[in-house]
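Chain lettering (A, B, C, D and E) follows the sequence in which the chains are written, and residue indices restart at 1 in each chain.
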Amino acid sequence: MTTTLAIAACAVPFVAGDYYTSFATEIAITVLMLSSYRIVVLTGEWSFAHVVLQGAGAYTAAIMVKDHGASFPISLVAGSIVAAAIAAVLSMPLLKMRGFYFLMGTFAAAEAIRLLWRKFTYFGGTRGFSGISAPYFDFGGVQIDFGRSANYYFLTLAVVAACLVLLWRLERSRLGKVWKTIEQQDVLAQSVGIDTRRYRRIAFVIAAAFAGIAGVLLAYAFGSVTPNRFSLNFALYLMIWAIVGGTRTFFGVIVGGIVLMAFDESLRFAEQLRPGVYGVILILVMLFWPQGLERLIGWTGLYGRGVSKAAPVSSEGGA
Amino acid sequence: MPILSLHEVTKAFGGLVAVNRATFSVEPGSIHGLIGPNGAGKTTLFSLITGFYRPTMGRVELDGEDITRLSTSARARKGLVRTFQGTVLFSDLTVEENIANGMLAESSSPWTDWLFESPASRSSRQERAAAIMDYARLSDLRNVGAKDLSHGQQRVLGIAIALAAKPRLLLLDEPFTGMTASEKNRLAEMLRRIREDGATIVLVEHDMRTVMRLCDVITVLNFGSVLTEGTPEQVRRHPEVMAAYLGSAA
Amino acid sequence: MIELRNLSVHYGRAIAVNDVSLSFPSGTVNCIIGSNGAGKSTILRTISGLVRPSSGQIVFEGEPIQNLTPKQIVERGIAHVPEGRHVFPELTVEENLKIGAYLRADAAAVKRDFDAICGAFPRLAERRKQFANTLSGGEQQMLAIGRAIMAAPRLVLMDEPSMGLSPVMVATMGDIIRSINAEGRSVLLVEQNANVALSLSEDAAVLEQGRISLAGKAALMKDDEHVRVAYIGV
Amino acid sequence: MSRINLHLTRRQALVGAVATTSALAMPSVLRAANKIVKVGALAPLTGDLALWGIPAKNGAEVWANQVNKTGGINVKGERYDVQVVSFDGAYVAEKTLQGARAFVDQDVKYTMVIGGDDWSALQDFSNRNKMLTSTLYVSDLNPTSKYLLAPVEVHPFYFGLGVEYLRKVEPNLKTAALCAQDDITGRTSLAYWRAGFDAHGFEIVSDAYFDNSTTDFAPIVSSMLQAKPDTVCIDTTYPSVALLLVEQLFTQGYKGRILHAGLELLPDMVARTSKEFMEGSIAFFPRFDDPNINASANGFSDAAGFYKQFEKQFPKQWNNTSWEFPGCLEVWKQGVETAGTFEPDDLLASLKANPPKHIFGAARWWGKELFGIDNALVGNWPIVAVKNGSVEIVEIGDQAAWFEAHKAIVEKRFREEKLMPDQKR
Amino acid sequence: MQFLVETVLNSAMASASTALVVVGLALIFGVMRIENFAHGELYMVGAYATWLFGTSFGAGYWVGFAAAILVTAVLGAAIEILLLRRLRNNPMGALIVTIGVLLILQTGAAWFFGINSNLLVDAPVSGVLSLGGFNMPWHRIVVIAAAVLILTALTVILRTTKFGWALRAVAQDKDAANLQGISIGRISMSAMALSAALAGAAGSLMAPIVRISPFMGQPVIITAFIVIILGGIGSMEGAIVAAVIYSTFFTFVSVYFDTTIANVAGLCLMLAVLIVKPSGLMGKAQKV
């Protein structure tokens, strides 16, 4: 399955035009966003801050390039670190909250950050940054211009694939098991000594680090960073893709993202009616496959069984 | 020195005092019963000991150290591990995975373990899980999903998960509920073995027969306060205990 | 008259009530006793329609009711005082009582019953404008019972009415149950507190791990060794 | 009712749009003798900003029909029919860039964007692909974007003329209050207005931005009026926001002058306030239903006819973007016909060498001093004033001349807002 | 002084309309445990319905107002019966469905009424109240009065009618309510209709004051969520108190600084409250 996907992904620029290559780049970045978002979801919480943390990566890349002429790898690392650092600070107050309070808490924190980007000209104000030039590598004569959409697509694919491998490992590592433990049985996890808040924080921060990478990829891919790009709408879409895809398996969110984005794109013929048609599709999916597309496709058998979840007996935070 | 001691522990929910100045201690190496009629405050007291609630007043000590302010998980890492009423398990996972989850909190391993677990640490954990399954007679069921176990097996698995967290003081919340007689016997046997292996057990239980048979010391709660404390024989003879349980005839 | 025929209830895979057959005459107080987790509450929840049985029948006044909704069952004349009272915490005492008569249309009769309950429970009458969560445990229990009576039931199901109450309060509760019965209503008690339950009841059954282990006249059971052993292991 | 009527025509419009799209999908649909040249409207068609995108796209389609009816575009004797391709960029960088790629794949010769967020993603791409593009936001211009033109509205350059005119007709006015929505257009506008007020001896007594999510404007107006201004300038704001602001000014007892670029909803403003209240307000857009529009907008072929056709096809959807995309197309058409080619470099060179006529007449390429590149087509611009409830052109001013005279002030005000080319991020 | 009075009155009006929206949201959360993201769009539908029936059909504002309430109530009930009922045990699914409804309503409004958002609704009471230099349009006072009236009526309904008790009972303890013979389905439907009608009423009242556009619900729902969190989810008293606090705070910050700062400050206010009290001002720390 993974191989098929990988081959399909690599073939895009050869069989489709620039338009589809560019769209595939967008999908690849979104896939990274979703897979990292899933880490937060693994701990049983939904967040609205993930997109703004991606923004933190994107803004860092923009500032690094514009002010310091940094190269792509350096921006990538810096973006990731800055996003993680912001997440670490935010997590201190936010992770006291649970459930819908956490969701809205993350929205408030994220929106405040985004409004500050709009407010301060250091961050380019309402206009943001533009003209972030694409990476250009020169390996002793072999020159690669990543401004060409196919080249940048492969660069994105490589970075995203590397991140996905890491995320895949992470999920199977002890840390991943701890997260799943927290999501499934918060109280039981606590009672065997797992400091659930601490591990939620770790999840939030690690997820942000990957979101930061996705942000850097975004900034280079489109050469611009605008505050509007990180508004609530995009956070909502991230959540929709994750839920529609299903978060139980590694591939659920990826499938959700790809299918829904492809759907949205294929609805272009509906022009102005597109969002409405999309809304109808969302409703139908939720009514008929409420557990998400992953169940439909039946990869669940790969690992993770069933969905039934014992009711929590008690919890420290409530909500 | 007692392994666990409570001093004047009180918990009020609004105006309702669920636990009132409860004071008692648990000696290491004992099986200590905590009984009382429905609504006597056992479960609240249990939550106070394990840190799911903070007491309104009073102090909880583990090995003489004040743990009143510690979180549940911090207490667990100090060796105070609980089980749950009903079946709180990782029901989607197998028996073996459930037990492995009980070991996740161990922090001794190097950080690389977070990404790639070293074969050595993996095999040592597998060995321990195997030992615990052996102990709990769950070895044959290692690959069975937790939700496919019988009720009694699920209860035992709950205790096995707790054992994986290396408890020094194991708090069991009504472990015998819903078990058949033979299951009860086997569990009682297992609890004795746990005690012999050095852990102390505090048992909240309704099944009086089992409690009387198994416990070294019994503390009786009624209306949130300690009614009496003593050996099973003393408790059995205590007139107020009888009244509390059977109710004074109306 | 209420009759359970080969009733079994599962929660997921776990069996809570296992092939129980029982029958209680109308017009009397009867009880099911047993220790925690024996399945007593599940039986009551099944009768009132909150839980669907996996097999078997529940027959009330000659008609099977196991497939009815809770609303239809209340309409048939069965009221349920749940374990732990479950009064509505942020409704006043008066509102709690009146909502008991939710399905009744006859305002005058409802008013009469309301006044009667206020008369029977002067402590509730005093606190009628207070939120229910400000009441003591015993008062909440009275309120829960009063709320059930407001539905004008012919059968009242009571789940552990003595739970968490002081001995004095438990005695009061006994009087209340008797007086409810004196109005011509049947009562089915579920109790852990065997002495109280048996002394109030006509017929009794002992439930152990979802099965009936003993059934018969309450008076005879009171001194039964089996009951004592089941409870205290003496 | 007119509503039902509107509804039907919209549906027809949709069917038409779908048909166009499917026609695009099929490579060569049999058509009349004329060849086809594609132009692209890359604008938000969904979401809040569809407010600009849809009327713009519709305007471009109406214009294309009119042009095709009269023989299309003449390139060295060959006739081309114009076909408008549209793509919903949703005002998001990645979608807009994808749209641009789709346009390149479809061989679109000229792309029109609203400007702002949607241009910022295209910059590098347009240079690489020589994608000739027009924007409505002159502030998008920058030295590196060779293929970006601001051919129609050089917003906000007419504001200076407005203040100059106001000073001339009402020499007693002393103070001004300003507000605008907090985005790049709002900020550019206010910077220029401030320069205008500085240049003509007004004191700015209140100056604030409001967030685009603002719903109630009473607090904003009362805080402006607290400073007791003689003049209130509300640029740039959405037409309907301007209406609400004007209404608030009226109800809160304001008596002075109002300045706003468009005053698009003037009839509603008059209805909600009074003729007297609106009298003398200054704006910069003549109405296209003005009987003299063909004379004043002489760079636009048959403005009156275009307006009539638009109203017929898309009733009640007119706003300023409805003629601005066509305005961009007019300039391009002139350029193409003069240059005799669609090839971007040659076309650009020819356009630069022979500045085309701009909507309000003769114009020249300009902008180096503020934007680092002479890609804005600047000419005369009308100042309109409200007379008896409707706008009339009261003067035609020279935007570039005003700027030349007050360069230092403008630069200072632009610098404050970090709008100068060296300050852009 | 005059400025201060005006600002206080403007805060009062903002509080009034916010309270109407938020109480509906709190109600629906209390009864159904659903975060209705489409609530802002019901507000939008209220405004459009007022225009359509009141202005376009020429029936006058109050007919439009009544129509707005009716239309939104029916819409709310339909959403519950057709969609949410089937997802009662799937809160995330229900949330996605409300987002779907949001998209459909926005698109529908843009399609039927056009994108230009230049529809105007005239206030029922025109003119301005002028008192010694201070000016307040009558309609703003109408909004405040109407909101107070509606909220009082709502309180009376919730406190004195059987329906009100049943609604509160369901919100407090579903099982026990069920045991009283209360049909959860019917109460959920009525609660949704009531909640939607409150949003519709708010939209209708604000129609003469704000810009009517398909997207007018978005800032409203964001404010509403902030307020509902501030007050404590599900607490209607908390919602009203928080609506007043937030709207007043926001209005004052926006006149003394600007609206962007007011937005940031409002968000920080909410965060600060949550840090101190993680379940909002009047929310109960949820018991186990």
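Everything below uses one rule, namely that a contact is a pair of C-beta atoms (placed from the backbone, for glycine too) under 8 Å apart; a residue touches a chain by one contact, two chains touch by 3 or more.
Chain by chain, the UniProt names read as follows: A, E = Branched-chain amino acid ABC transporter permease; D = Peripla_BP_6 domain-containing protein.
Not measured: the values here are computed from a predicted model.
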Separation of subunit E from subunit A in steps, with touching chains one step apart: 1
Of A-B and B-C, whichever chain pair has more C-beta contact pairs: A-B
Longest centre-to-centre distance from subunit A, chain (CA-based): C
Distance-maximising chain from subunit B - centres being C-alpha averages: D
Subunit B-subunit E separation of Cα centroids, rounded to whole Å: 48
Rounded Å distance, subunit A centre to subunit B centre (Cα mean): 41
Geometric centre distance via CA averages, subunit C-subunit B, whole Å: 32
Inter-chain centre distance, subunit D versus subunit E - centres from mean C-alpha coordinates, in Å: 36
Contacts with two or more other chains, residues of subunit B listed in rising order: 52, 87, 147
Contacts with 2+ other chains: residues of subunit A: 118, 272-275, 308, 313-314
Residues of subunit C whose C-beta touches two or more other chains: 12
Residues of subunit D touching subunit E in the complex: 1, 3, 6-7, 10, 46-48, 50-51, 54-55, 182, 208-211, 213-216, 218-220, 222-223, 226, 238-241, 243-244, 251-253, 264-265, 268, 271-272, 316-317, 319
Complex contact set, residues of subunit D against subunit A: 14, 17-18, 21-22, 45-47, 50, 54, 86-88, 91-94, 97-98, 101-102, 104-105, 116-117, 119-121, 123-125, 128, 139, 142, 144, 182-184, 186-187, 417-418, 423-425
Complex interface listing, subunit C residues touching subunit E: 48-50, 69-71, 74-75, 79-80, 82, 86-91, 95, 98-100, 102-103, 147, 151
Subunit B-facing residues of subunit C, complex: 12-15, 35-37, 133-134, 136-137, 160, 162-167, 170-171, 173-175, 192-196, 199-200, 209, 229, 231-234
Touching residues (chain side subunit B, partner subunit A) in the complex: 47, 50, 52, 71-74, 76-77, 81-93, 100-105, 109, 113-117, 145, 147, 161-162, 164-165
